[in-house]
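Structures given as structure tokens follow.
Next, two complexes with subunit A in common: one pairs it with subunit B, the other with subunit C.
Here is the complex of A and B:
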């Protein structure tokens, strides 16, 4: 007998993330960190430039994560997804902190 | 004393006949159940049990000793520190320490609790961290093989 649904990993789709911060607020173990900045976008015909948030860094600390999936559930833009991969032990404590690129790569491996 | 009840249990890793990995499992909290799940799944075999198959060549380390890994499974609270120290003091000494699960790795969801040690690496150097709350048995097998260099 083996576990049929391995508690996998959470993938980030960076392009879908709007930095709404809902996942950060809802995470019970405080394992998500987001850095962002604002940019003004000028559009032709608009009365004034729009201000948009731009994602700089999205980190999930899997050392703290309880894999409850609340972040996946609450994301209004489906920027977080479950992936089945479970093989990512780390030799260092900081190796459990997955940054934007690593989180984005989880779907492909 | 509570910690005297928490002795380690010894297993062999059944995944790879080329690697002789001895697992000393120290179950401190609920992640211990997942170590048992690895036994049920056949990933770990009790150390005194019959081998399921003969090694196709000599194990990496001396037979009998093997590569000994202490698997700390569960929350390390202040009263349980002596249990960890007792496990570390066993002879022969362990070759590596594996933090199994969020609590043993970092304190997990209890990182803010005053009686919780935020990771067993505050007591002893950890060679492998396995994330998860709890991790699945397969993650334990993968981490042990990774430690043994496979």
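Here is the complex of A and C:
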């Protein structure tokens, strides 16, 4: 990571996220929240079904985020990425809380 | 590149003055870091001609927080020291105007806000989003406290 990358908004790549909770626990502003549930998946040849975490909802509250980038740095699965887009005002306080879909839409395209 | 010099408290003013004379004429900031038991006072100076920086630190025992004021040596030290004084509970001796700068009133707990012993009440009142739940909670050997939150703060929390 370099300090030159554009810290506009954080993009979530939901398929890469394993719900490990590391970003939530490391965020100094406590502004990431994750809802998830467990599912059992049976794999061929496996003796027992495996329990996996499934992401239900991922939110970042950009009203609290201080753009430190710790979440992007610590994610072991590269599921969080900085994107340059920086103009996302909101008319209400809750409009600064970006949910899974909104976070995923902050692509570079 | 930032040059770093750690100096004994007795050398603090002389070291600042030497740095200033050596070209580090602009004071960027004075602040402090609570190292628990010891408070480190930090001054960052810039050489306006070369843009090089110099960081000076001195360590003060937490029960004897008196540091000679740098305002006689560096113009502009006054405000930084006023803020550092109220945030860390340091007395800058010989300061020309030791009024608080930012805090309207002293914290009710009596602990200066940037000392590590100062409880982050928001963090006690709010539930940590990282709290393990469900299976993860059952798997956790002991309740996990959020980073930076101390046991003794939580004891005052109403049981859920």
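FYI, the second predicted complex is superposed on the first by the 100 of 109 C-alpha atoms of A that agree within 3 Å, B and C clash if a C-alpha of one lies under 4 Å from a C-alpha of the other, contacts with A are read in each partner's own complex, and residues count from 1 in each chain.
Here is the rule we use: contacts are C-beta pairs under 8 Å (C-beta built on N, C-alpha and C of every residue); 3 or more make two chains touch, one makes a residue touch a chain.
Computed from a prediction, not measured in an experiment: that's the story for all the values here.
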| item | value |
| --- | --- |
| Touched partner set for A:25, first subunit B, second subunit C, both or neither | second |
| More subunit A residues in contact - subunit B or subunit C | B |
| First, second, both or neither for A:51, with subunit B first and subunit C second | second |
| Subunit B versus subunit C as contact partner of A:41, first or second or both or neither | neither |
| Which superposed partner A:33 touches (first subunit B, second subunit C, both, neither) | second |
| Common ground on subunit A, meaning residues reached by subunit C in one complex and by subunit B in the other | 28 |
| Contact set on subunit C toward subunit A in their complex | 123, 126, 128-130, 132, 134-136, 146-148 |
| Complex contact set, residues of subunit A against subunit C | 21, 24-28, 30, 32-34, 37-38, 51 |
| Of subunit B, residues touching subunit A in the complex | 37, 40-41, 102, 105-109, 111, 119, 121, 126-139, 142-143, 146 |
| Complex contact set, residues of subunit A against subunit B | 1-3, 6-7, 28-29, 61-68, 86-93, 95-96 |
